[in-house]
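Working notes, structure below.
Chain naming follows the written order as A, B and C, and within any one chain the residues start at number 1.
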């Protein structure tokens, strides 16, 4: 849903800010126009631009589910000028939202299948609403295996949901870190190695992965070794974006615009040009 | 057919400039550009140019444009920027009209770019057929032609006696000519010039096969990654968006950028999928010859030759196309 | 002359003294020249050298800092190499410089050779390269006296006339940064115009910003510009950039008696401080 002028963001107010990790915050906001807020619809996989007025805009994937009515949520990692400005905002601050843009995970098509979620660091963010959607519609899906990794234990995101996730029926949560700290009791391994260790079966399974480009590359190698077909591997890509609607010709991976044909892609759609990623 | 003398053409434009903004080719400092021309400046219009140095896309897609302004007070109130007013873009060649039509495919696709669309809806295109093409032109190799009226509202063709044949292409063009001092006359239409051929046949099918070739790195050796090729091109349209802050307001501004500038695709944190010169250069040709045609059905080049003339190191699209054809053989 | 160049390049590649030689070849218009990178001895016949070889090739050396590279240079170009050596951007031992004694190049645009000299040749002070490993042509020791007639013409304008003169030109600027990319002295990893925080100029292409860009860049090149004319040559809208650079060159000569690019060893004025420069600060 877009305004008459797709370059103009909706006015919104920041409701709540939660620290997820030392450099990632969860921003919860609401559109100022309540009629618009009620109608605002988006699906897991889509993204929107958040405007820190006076600094700029950056794209973020939605991490909440539209039907949950708990506000619109984004996970923001502080890494550049815009994200630094967003991190300085406090509840009550004015913020702009432009979107939703992009395609979404075709969760309808995955009904009846087993789902394998492989996330690294901030890459878990666009996968969180997928997990929560599946848990809300548990009987529609098969087994759910979640592999969630991060650089160190304090970089793991959504830790307060781990309990809900691991206790859900036919659901398994496997955590891992690249480097341990003094208190970590769990697994210490790179995410692709965990995929190799757990040997998930490709039978009737969709693998959805998101994380740093180098992690995606190696996870792909492991999944191919386990005989996953290209159409069974789904990822969401990130590229530099400005307009979000296929006009500024910047975000393409090969012939696909991440903002319009993506950000959700199956591996067979992008394998030709993946070296450019 | 309808004919107009040069003198009457200028007086018609003078008349139009009272109601419309007239944008026409003007030469100064040895450079020919499309500029708004007022009533008293109609004589400055240059009708004898091989082609202008910058394309007329500037009118619809200016180098910089404010998207919206936020006046700083308690609740940010967004004031959208106002768009264009009725205008006549005069004197463009068919290649440049095709360039605008190619940008239309991207900018008018859903969701339409409002700023571009408003100017587009309010501008009538009065074109000029080519009598002497430039040495670098090759419009006939990319589905165009020196007298092609397709994307214009009116096409003027100069005859030998300083008269112009006026071909009315669209209804909009016809309406503009309602009071124009035209005459009916039988005039021989000049034969359109013959242009050099560039082997573009099947180029879109061949491009995927040579993606990984080291050819792109070798060409990129001499590329200096300025933005000149994209800025002079009538159908390139990449842009950047940033916020500007002053005491009273914040403006979000969009400006031209090109895929050749270093850092074009670099995200915060430093990762850049096109960090090397070869990948950036390759992106330009693939966008023009593969990605755009796959998406919109037409090669993103009008054969105007400006990039060939302006490239400081002679990176020549005609040579690239010829080389690619040879590589696949 | 060209055979001498080709033979030398062939020898350099065959003995593996260098991996690549940067020179000139014929452009697609069959009239003018363009840069060429020769990697194989069998390719040396592509090399040419005549009055259409206007490009300054020394900037390409920055992409090949750690690789042994040869280069064909005119006197103005080798001043560029001196500048880069002076600023520690290149390793001398990785370079093999083929210097060519030059009597001037023509003013060229694609498919057009004008029968006139570009600004740099009109006011060229030296026809023998100040730096070379191998010289082509007989060295010319006389240097032409300095002549700033073009700059003086602008200096004689009133302040208002000068503002109008430059506004007339900067209004046309489309910030393609061709001048920056072609300039051997412009190699900052992040140019001041791309910096966001703090924002000096930004992306807006408008008269005010164009002033800051062009004048800012010129000042960053004071006592560094080696007058190769590339900025002016590549400008797609014909802004007479050399006038600004030459004004700063004239002032630098008067104030510091310094000529950039002549010597790789001498410390440039803006990289040093002398006590005699009385700033009115107490000891």
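We take it that a residue touches a chain if its C-beta (ideal position, glycine included) is under 8 Å from a C-beta of that chain, and two chains touch if they have at least 3 such contacts.
A quick note: this is a predicted structure, and the numbers were derived from the prediction, not measured.
Averaging Cα atoms per chain gives one point for each, and the point farthest from that of chain C is the centre of A. Centrality by C-alpha centroid: the chain sitting nearest the overall protein C-alpha mean is B.
Remark: chain B and chain C have CA centroids separated by 32 Å (rounded to whole angstrom). Computed centre separation for the pair chain A/chain B is 38 angstrom, with centres defined by C-alpha atoms.
Chain centres here are Cα averages; for chain A and chain C they lie 49 Å apart. For chain C, residues that reach two or more other chains under the stated contact definition are 196. Counting partner chains per residue, chain B shows two or more touched chains at residues 240, 242, 257.
In chain A, the residues touching two or more other chains are 56, 81. Chain A meets chain B in the complex at residues 2, 4-9, 11, 32, 51, 53-58, 79-83, 94, 96, 212-213, 238-240, 242-243, 245-255, 272-273, 275-277. Across the complex, chain B meets chain C through its residues 28-31, 33, 53-54, 63-64, 135-136, 218, 221-222, 224-228, 231-232, 240, 242, 244, 253, 255-257, 261, 263, 277, 308-314, 316, 318-319. Looking at the complex, you find that chain B touches chain A at residues 67-68, 70, 75-76, 78, 80, 106-107, 109, 111-115, 208, 211-212, 237-243, 245, 250, 252, 254, 257, 259, 264-269, 271, 273-274, 279, 283, 286-287, 290-291, 294-295.
Touching chain B in their complex are the following residues of chain C: 27-29, 32, 34-37, 55, 59-60, 63, 109-111, 168-169, 172, 174-178, 180-182, 194, 196, 199, 202-206, 230, 233-234, 236-238.
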